[in-house]
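Here come two complexes built around chain A, the first alongside chain B, the second alongside chain C.
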Partner chain A sequence: MSAAEDVVTEAPAVEAVPKRAMTLGTGTSLLVLAALLIMPVFVKNFIIFQMTMLLIYGLAVLALNILTGGSGQFSLGQSAFYAVGAYTTAVLMEHFNVNYALTLPIAGVVCFAFGFLFGQPALRLSGVYLALATFALATAMPQLLKLNFLEHWTGGVQGLVVTKPDAPFGLPMSQDMWLYYFTLVVVIAIYIFSVNLLRSRSGRAFMAIRDNEIAASAMGVDVALYKTLAFGVSAAVTGVAGSLGAIAVQFVAPDSYTITLAISLFLGMVVGGVGWLPGSIVGAAFIIFVPNIAEGISKGLSGAVFGVLLFLVIYLVPHGARQVAILGQQFAGKLRKN
Partner chain B sequence: MTAVRFQVAVVLVAVALCTAMSSAALAQKKYDSGASDTEIKIGNIMPYSGPASAYAAIGKAEEAYFNKVNAEGGINGRKIKFISYDDGYSPPKTVEQARKLVESDEVLLIFGSLGTSTNGAIRKYMNEKKVPQLFVASGASKWNDPEQYPWTMGWQPSYASEARIYAKYIMKEKPDAKIGVLYQNDDFGKDYLKGLKDGLGAKASMIVLADSYETSEPAIDEHVVKLKAAGADVLISITTPKFAAQAIKKAAEINWHPMHIISNVSASVGGVIEPAGLEISQGILSATYTKDGSDPQWNTDDGMKKFYNFLTQYDPKANKLDAAVVFGYAAAQTMAKVLQMCGDDLTRENVMKQAAHLKDFAPDTLLPGIKINTAPDNFVPIEQLQMMRFKGKKWELFGEIISSETGH
Partner chain C sequence: MELFTNQVLAGIATGAIYACMALAVVMIYQAIDHLNFAQGEMAMFSTFISWQLMQWGIPYWAAFVLTLALSFVGGIAIERILFKPLAKAPILTNVAGFIALFAIINSSAGLIWDFTIKQYPTPFGSAPFLGSQLISTHQAGMIGVTVLLLLGLYFFFQYTKIGLAMRAAASVPESARLVGINTSWMIALGWGMASAIGSIAGMLIAPVVFLEPNMMGGVLIYGFAAAVLGGLTSPFGAVVGGFLVGVFENLAGTYIPGVGNELKLPIALALIISVLVVKPAGLFGRHIVKRV
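For the complex of A and B:
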């Protein structure tokens, strides 16, 4: 056996993700969905709140996954889109008394426009340079929110307090539980939309650009349009996540949307597996719960412990949750054969 | 017959006694979640990681203080369980941690959590849940709002009250002053400027120019030049350390010698005065409310002796030069005092009631004469400061303890 053959027969986990492999099988999906539906009945409100945050961050990671996993563009500026979404909702709810559910699509549209416009100059950049440009966006955002002429709306440094919605129609559930189910419905809708988007003509165009830009344009894909489109869609989904986050946390302030958030989302995407949409939830769980675990191990060194845990994950399963899922599938397949 | 009757009587008396005792006991001991016969659970949120992690020393000092309290037998026989979580100075994380403390750890109250926007994020939640958010570690003046937020209380003098003290001083010492204000364009600077204007009252026109700068500006030289050109003879520098030092330097460079007041935030000798230059800093004014751990004049002070003993015994790794340690010690002492005043009635309502009835309480590390007083309509525990002047290599306190109340 030559070395070349070895490489060829290597585990398929390393290859670029084909579109089918971007999702879970129907059975597994239903199982996960059932678990998400039943869970809140058995746990405390605090856990429900954490699960809501998990879904929200999962959505934001999913948005980044569409951008990076789908069209191959990097972004460290997701926190900026998240902030715009959150502030859109907060300002509409508190200053204009708009119903919270209506603010979500508005936030989505505003962020789509914002992302699409940002995508224009970003076209000239690629790879690490694009990452840097988006990084600048993320660093600038908290300061922009503090600007004097916006302060009347944004509340400046003090931020804005958002009122948490009650369950409608007199449903006998707590605010937290209602918000959880509301978030769940939105997340599932966007998840299905994303899966279909990536399986559609546009999704194939995204992936063609990701795999080889020149080849894609030779095939007739409008590279500029689809690249900016990917930015727009990703920004819109992040914006919706941001508005859900504002409602769940009941507060927006510039300090909430620093570069740390952007890096966390990026990290969540890598841990969940780039380009594997279900991994977004796993990635979100990593960025929410692992810092808590790290803090439990050592308060003074929580950052270092977090670093070590992250390093272990990247070292052992460099393709994140996707790799674990594939290994699990292969193992199950072997069991069935025997 | 008589014997039987006697027995019945005894039983009756016994029953009566028992009910009397048990109802008396019930009246005495009252608990909300987080408190029991043996334990009081206190929650706390600190930025152990992230951009503000320098303040984490406050949380560590507080934890050490409660260890001391427990080693000495606890409060009214109950041990303190101090549960402190990290929020990395990020408001959404603060909300998560506060909910964890209240709903999962079931603490009696949250004490001394740090930061303005972080505490702002949980204020509504705490007040909806009716859980005390006591002695918030932030200088914003919004924590004193007992009508809208009866479950939230600050601790340190607010930026606004510090500014009012400077206003009082200027009106007394230099009634014809032309005041130039240099302020940072954020909540800190704005709170301060408002306090200054309130303090000057009808004489707010003494301010000839109030010039703001952004923290993103590399240098603030031109602002200083502008203030001099406006003819100011008093410079109030509402600045964070880096900019305070720049202002001191620039004023000396352009040969401008106004009465120079810098905010307490920037009154650090090592962080501001030395980098700016000791010689040009002589005569600069500021105000403070805590004793300086590095100042030898406190070596014989009873309170500071206790503080130094505490450090060697319970927190040997802490840096006594760090103002955060002095701060944490005094704040934790105030918390312990409130719990002691609660006696056996450890309900959240009573905790707030006692916190709003502190009378002339003087923690060990506050300046002599500064006393903590609160009332149901006054949620500002510390309202006094003392002026100080930089002389030689250190600050010298002078004058009386000044209260920031405007007196109307």
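For the complex of A and C:
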């Protein structure tokens, strides 16, 4: 190839989202919160379990949103961080009898370290190259968990069974309902943390890197530090989601954390709207319920139906649920004027 | 030493598969600037079409040419119908579209031709090639076809007007439009060509991995890896990358203790990433400088 280097002006891979547009208004947030609080009282245990999974996947999508929507780095390796979190919790609970609530911060710290370290070599890569690197991590993880010398801890291919915790202080609640509220508290805490993170100095640094790396470094942002930091934070949040997932499903096995999970989380982010944190829960609902709906429509063609539904969504709202929210806001604004 | 040469030869033989796939990946990357995750499934579908044609009694080469033409048209149709409306959507939305396409093709192929493994004929025979046990005439033929394809593409892009127009449309779309190139159709053409090259790859790979809807899963990953290793901007790099990945993978499986079939893929990928960390644009890729 010629020695001449191409100079192109290219739009950034992730479009800029102003930081105020990344969250919901106070009124809407309180409404959603009230709905989430009351809902379990009226439904069956299985639906409560599904709602718990929805929150957990929502948390994992949120983590990817911090990484991609916040700092503009693309990752197909979230399943690996999710797996590390899940296994940390499972091993601590089953081999060391640690209380389930205490395993969450430990899993978060372990995953933060893992993500931060992985972010170091990933620093030199961007776009498709970074996608390939994270993809490699995701494909390697199940194989690594199956390794012989880890089998004593991880249980090899069979995996580990995790005990589901009872409601404390003799509260009259089923295990599922307790776990739902426990998850809800953790998710809300992390959501508030993430919103504040993106509004802080670090969050502005992330977004400056996303919008233009060269300009950001010229303005004095330590690009290497903040890029790896974004990886670390994202991995930590994904790890906590993984821990909660392990407790809710009561089981961890290498093959639950394949590349399929990473791709689902990615789809969840796109459907929810890249860079719009509340969209994460919408994205999670898409990846949990739409495959079931597709199977309901046609068993043999469930994959094709899923694909068609996905196409429909991205045709109608290429910017995901965020677009719907913005349209709704404009509509409400017009009503108020009239 | 004997073991080493044999493993390298076997690596080159499997590398030819990856090289074919990588070439298709690079083709479409040149045309649309994205990695198409559904590329492998498109190739698989084309291969099934050729198999169906042969089941209907059409001779191999006729089916081959017919499939090539059908895949070319199919690729253009997919672009016009499914991806042209997404041209202005964000890149990540396009990637989601590729994943959707993947699911649709995979599931439809499963429904039409079911998931049982099928034999697929080879035009080159499967006798040992030049007395070597490790490389068969089919694999030698595959390497030959890959090299021919590469030469053909090189001449197409360097010496034909339409090849030049395609390159222009991919690298500086706005200027290309100003000099009168229909960039939108160039993208469609890129899809068609990538689909046709993919179908060649599929028809060459099918006798080795057997024909079934999931046959491309592993191959595509190696194809991507090879394309990225060689540099996504260089078809030549893609082919070299393909052979390198094939050889890496075999040598890692033979010489690193504890690496079974399971760990071959992670190790090959880890190696590629270490190469990328040193050369971020791939071995033969051009470094693209961005304007602030």
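Everything below uses one rule, namely that the second predicted complex is superposed on the first by the 323 of 338 C-alpha atoms of A that agree within 3 Å, B and C clash if a C-alpha of one lies under 4 Å from a C-alpha of the other, contacts with A are read in each partner's own complex, and residues count from 1 in each chain.
Definition applied: a residue touches a chain if its C-beta (ideal position, glycine included) is under 8 Å from a C-beta of that chain, and two chains touch if they have at least 3 such contacts.
Just so you know, these numbers come straight off a predicted model, no measurement behind them.
Asks: Under the stated touch criterion, which partner chain does A:318 make contact with: chain B (first), chain C (second), both, or neither?
Replies: The second partner, chain C, only.
Asks: A:303 in the overlay: touching chain B, chain C, both, or neither? Say first, second, both or neither.
Replies: both
Asks: Regarding the shared-chain residue A:146, is it in contact with chain B (first), chain C (second), both, or neither?
Replies: Touch status of A:146: both partners.
Asks: Using the touch definition from the top, say if A:295 reaches chain B (first), chain C (second), both or neither.
Replies: first
Asks: Taking the superposition on A as described, I'd like to know which of chain B and chain C A:46 touches: first, second, both or neither.
Replies: first
Asks: Figure out whether A:68 sits in contact with chain B (first) or chain C (second), or with both, or with neither.
Replies: So A:68 only meets chain C here.
Asks: If you stack the two complexes on chain A, which partner ends up touching A:193: first (chain B), second (chain C), both, or neither?
Replies: Touch partners of A:193: none, neither chain B nor chain C.
Asks: Tell me which partner touches more residues of chain A in the superposed arrangement, chain B or chain C.
Replies: On the superposition, C touches more of the residues of chain A.
Asks: Is there a shared patch on chain A that both chain B and chain C touch, and which residues make it up?
Replies: On chain A, the overlap between the chain B and chain C contacts is residues 143, 146, 300, 302-303.
Asks: Which of the residues in chain B end up touching chain A in this complex?
Replies: Interface residues on the chain B side: 48-51, 84-86, 88-92, 95-96, 99-100, 102-104, 116-118, 120-125, 140, 142, 185-187, 214, 216.
Asks: Touching chain A in the complex: which residues of chain C?
Replies: Those in contact with chain A are residues 35, 82, 85-86, 88-93, 95-97, 99-104, 106-108, 110-111, 171-172, 221, 224-225, 228, 232-234, 262-263, 265-266, 269-270, 272-274, 276-277, 280, 284-292.
Asks: Would you mind writing out the residues of chain A in touch with chain B in their complex?
Replies: Result: residues 44-47, 49-50, 53, 143, 146, 148, 156-159, 161, 245, 249-251, 253-256, 258, 260-261, 291, 295, 299-300, 302-303 of chain A touch chain B.
Asks: Could you pull out which chain A residues touch chain C in their complex?
Replies: For chain A paired with chain C, touching residues are 1-2, 5-10, 13-15, 68, 74, 121, 124-126, 128-129, 131-133, 135-136, 139-140, 143-144, 146, 212, 214-215, 218, 263, 266-267, 269-271, 274, 300-308, 310-311, 314-315, 318-320.
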